[in-house]
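The structures considered in this document are given below.
Both complexes shown next keep subunit A, but they swap its partner, so subunit B is in the first and subunit C is in the second.
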Partner chain A sequence: MFNLNKNKLITLLKVQYSNMLEYRVEIALWAISGIIPFFMLNIWTNNNLNESINLSNVMLSRYFLSAFFVRQFSVVWVVFTFEEDALLGKISPYLIQPLNPFFRYFAQHIAEQITRLPFAMIIALIFFILNPESTWIPSLGIFLLSCVSTFFSFLIQFLIQSIIACMCFWTEKASSIERLLFIPTLFLSGLLAPVVSFPEYIKSWIYITPFPYLIDFPANLLSGNNTNVMSGFAMQLLWIAALFPIFTKIWSLGTKKYTAMGS
Partner chain B sequence: MNIKKYLKIYSIFSYTSLASELEYKTNVIIDFVTAILSLVGSIFLLTIFFQNTDNIGGWRFEQALIIQGIYTILNGITNTWFNPNLTEIVKHIREGTLDFVLLKPIDSQFFISLKKIAPSGFLEIILGFALLFYCIGINQININIEFLLLSLSTLLCSIVILYSLWFLISTTTIWFVKTWNATEVLRSFLYIGRFPLNSFSFSLRIFFSIFVPIAFITTIPSEVFLGTAQIWEILLELIVSGIFFIVSRRFWLFALKYYTSASS
Partner chain C sequence: MVESIIQVANLSKSFDISSKKPGLKGTLRHFFKRETKSVEVIKNINFEINKGEIVGFLGANGAGKTTILKILCGLIYPSQGELSVAGYLPYKRRSNFLKNITLIMGQKQQLIWDLPPIESFYLNAAIYDIEKFEAKKRIKKLSDMLEIEKELYIPVRKLSLGQRMKSELLAALIHKPNILFLDEPTLGLDINAQRNLRKFLQIYNRETDATICLTSHYMKDITSLCKRVICVHEGCITYDGKLDKLLKKISPVKDILIICKTDKDAKELSKSGYIIKNKNQKEVTITIKKDTIKSTLNKIFKSYGIEDIFINEPPVDEIIGNILVKEKV
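Now for the complex of A and B:
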């Protein structure tokens, strides 16, 4: 089912990148809409809430800046595109092609992230100008590791959303399930508050769920806060390994179920 | 303006759009669950903030819940009316179907702002009011006519401001065609409305009272609810909402002059 080679991959990426460049203003606006972590940082430091979790203002601002970055490069919207394509019957021509349509969506996301990079850099630069004391340069090793963990976070979310997207084969509208799942992602991933600040009764089970590995773990890694690197990566890989077979299964079931528009 | 005619048209609008929304029943139920979880999540976040402190920006936990309640009501209204309608404007302009709206013998702003209704926000509105009633209990607020009148009118003002903001941004579509994401930026700014304005630093407070009037949307109505609002704040709220509404109306009429329809 996955016959992908280097040429196809490069062509897909090229096409999607030029497509995304067309919409660069849109993508800039998307980048701006991700600045919630900075507002949260403002609440935390302005009320000295971070004293209780033993994080200095500087470390916390690095954490939230990293959270902003991780979020920028792990945003997934495949379910919305897929839903539209499924409703309008655009899936049919994709299915005939000798390439799983999800590679197309995957390439779209990667291309969008490349387009987004300069805007995210500008926002970070403004942040550093406003908060010069929180400037830091992570070591190359840490930087690469956090890139990998951000990519894993993206993969986990991409797989989860693709599984939800495949439900379109049965229910036509699957984006409401995604909106439902977005709520725990928002509150438990560490985007609004670092996971260390969570009460004990949440911390006792949250590390088994995928949520802290979406933002909290990569952001801690990048910002140099305390985190368990080995178990973080292990859990990310475990979730990817667990979600991937579910996706292939639901995809093969769904395509059998699929009836093209007007048939 | 024939009010009777508009009321009748509005009831037809609601009937048809409710009927089409209820086609997807599971969707509506899932949206209800989402609304409940979203409220639980926000209260959870508040409890994290209040773990080791008894006030944020001078607001105690019970008082901050009022803001949460008002935010939930407004969010419900946004999801029921503003969001489904105003994202349609983008579609109308891109596909050129705004022509059909403009040709109809009713006000185009009325048509565009109220055509659709999504039942998914109803539960949020109910939850928000329930939370407010609970807050009346725990904050020992005396209910009298004056209190009800003031609270409801400031809440109405926030709804007007919120609507005007959405409508202003959606109107810019006439020039930029794809501003769907601009509403997403607005959405993320409005997120701040869940917290008291005083909990932010001075510069952000200025930003959120002048450029994006979040202060007027949730903080002042909450203060009125608590009985701590100054009379000038209430007057200012009235004036600001009036200005916003007039500006959004004028801006729409102005923008229509630049509408050139699709492919022409």
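Now for the complex of A and C:
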């Protein structure tokens, strides 16, 4: 079904990276538009809300900077591009190639993340200049684990959106379903507030959803806050393992419904 | 012995299509209760295509030609019937099957818009597991044949439609497919570009013995490339056979341009009961049945002062245009 090998993957990444460099200004603007964690940091520190969760100002700053980084490298938009391509029949040439078209979108996302890297670094540098007390260098081990968990976060979101994207074989406006997930993702992922700040009875429910593993877990890992590394990774892998077969099944059912519209 | 590469038996395809009545009432009704109906766009068709054949699919808009091509290349699932393309069930989209075929749609593109075509060619080469060295060789050969060596390094968005179409063709042929499905490949191209593309397809077919299934509204594409045509009308095959046989069958008449010696001769000839197609001073064009040419001309030569005559086949466009709207050929 997937027919991916190293050569295909590297070529896909190289070509998509060249393509993304054509949109570098747009990507820089997207990177800048992702500074919502810094606004949240400002609200938290100005209102001394961090005291309620026993987190120092410095640790909170590091958390929100990490959240910014995790968000930069786990943004997913496949549902919108796939929906347009499927409805206009643009995926037709790719469907009859010996490579699942989703790899093209996957490579586009990775290429976009690589293009975002320098802009994200510049924003981080400015953040450290403005908040020198928050400067820290994580150990290599922590850094690598954070990279892995950020990639897993990206994978979970990519799979969720891909499943929703495949719905357009039935509903045509699958992106509307994705909007239903926007609010829980925004509030429960840790983008606006660390999940630890939620009341206990809500927390116990949140931790069985995929949301806290999208930003909160990788951001806590990177910033050096208390987090259960083993259970975090276990939950991320569990969600990937649960979502992947759903995606393959819905893809296989959906392509049977494909009518190659627009041509 | 000629090897059959495409077999289609009792193939049908239906689509569910929703309809909406106009106006506010229709909109509200459509919002609460969607009315869908199943439309059979391909109806129980049968045909076989041999290896190396170039077959043209003829039919009016919406006749079902493109749907047949989409089913044959595995893009859409058939509703019922049996089919085999290169020994595979196309809709299973097995990797070995996909490496054997290609689909080119005149109005769809696979090249990456903001990058030069060469990037898409190397990407396709990787997707089809072609070594870089071999890919380079093929790109060189195909770009020479298509005369687009200079355009390889220019972003696709900057290319003309003709250059883009040639690049699309190169991208679609880099894996040396044995079966080409071409859906209006010359759409929007100028006359020279159309001619070059046809020439290229003839050479490709001769050199590789590839099978080509083609739809086009440009009759020149059909007449210069296809010996065999399949006529499709409302999802049914109304003719499957040689193009020249079809033309003879459909058009048992010839146009004869007669140049009279005087205006008076021309005037009398035009009033003598023949089917007059055109009249211009001393020139009269009449349409007569092929089997009466000799006797009719004898009669005309005896009765009128004739300076010259020209016997022509009616234009192919005109003949084929007529059969596109016919239920039976």
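Everything below uses one rule, namely that the second predicted complex is superposed on the first by the 261 of 263 C-alpha atoms of A that agree within 3 Å, B and C clash if a C-alpha of one lies under 4 Å from a C-alpha of the other, contacts with A are read in each partner's own complex, and residues count from 1 in each chain.
Here, a residue touches a chain if its C-beta (ideal position, glycine included) is under 8 Å from a C-beta of that chain, and two chains touch if they have at least 3 such contacts.
These figures come from a predicted structure and were not determined experimentally.
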Check your understanding: Does subunit B (first) or subunit C (second) touch A:I96, or do both, or does neither?
Key -> second
With both complexes overlaid on chain A, does A:A219 touch subunit B (first), subunit C (second), both or neither? neither
Exercise. Can A:V195 be said to touch subunit B (first), subunit C (second), both, or neither?
Worked result: neither
Q | Touching partner for A:N42 - first (subunit B), second (subunit C), both, neither | A | first
(request) Considering only touches as defined above, state whether A:G34 meets subunit B (first), subunit C (second), both or neither. (result) first
(message) Let me test your reading of the model: by the given contact rule, A:N19 touches which partner, first (subunit B), second (subunit C), both or neither?
(response) second
In subunit A, both subunit B and subunit C touch residues 23
Per the touch rule, the subunit B residues reaching subunit A in their complex are 24, 26-27, 30-31, 33-34, 37-38, 41-42, 44-45, 47-49, 51-53, 56-57, 120, 176, 178, 180-182, 184-185, 187-188, 191-192, 195, 199-201, 204
Per the touch rule above, subunit A residues touching subunit B in the complex are 23, 25-26, 29-30, 32-36, 39, 42-43, 46-49, 51-52, 171-173, 176-177, 179-180, 183-184, 186-187, 192-193, 197-199
Subunit C contacts subunit A in the complex at 15, 66, 70, 73-77, 91, 93, 95, 98-99, 101-103, 105, 107-110, 112, 114-115, 119-120, 122-129, 172, 183
In the complex, subunit A touches subunit C at residues 3, 5, 7-8, 10-12, 15, 18-19, 22-23, 89-90, 92-99, 255-256, 258-260, 262-263
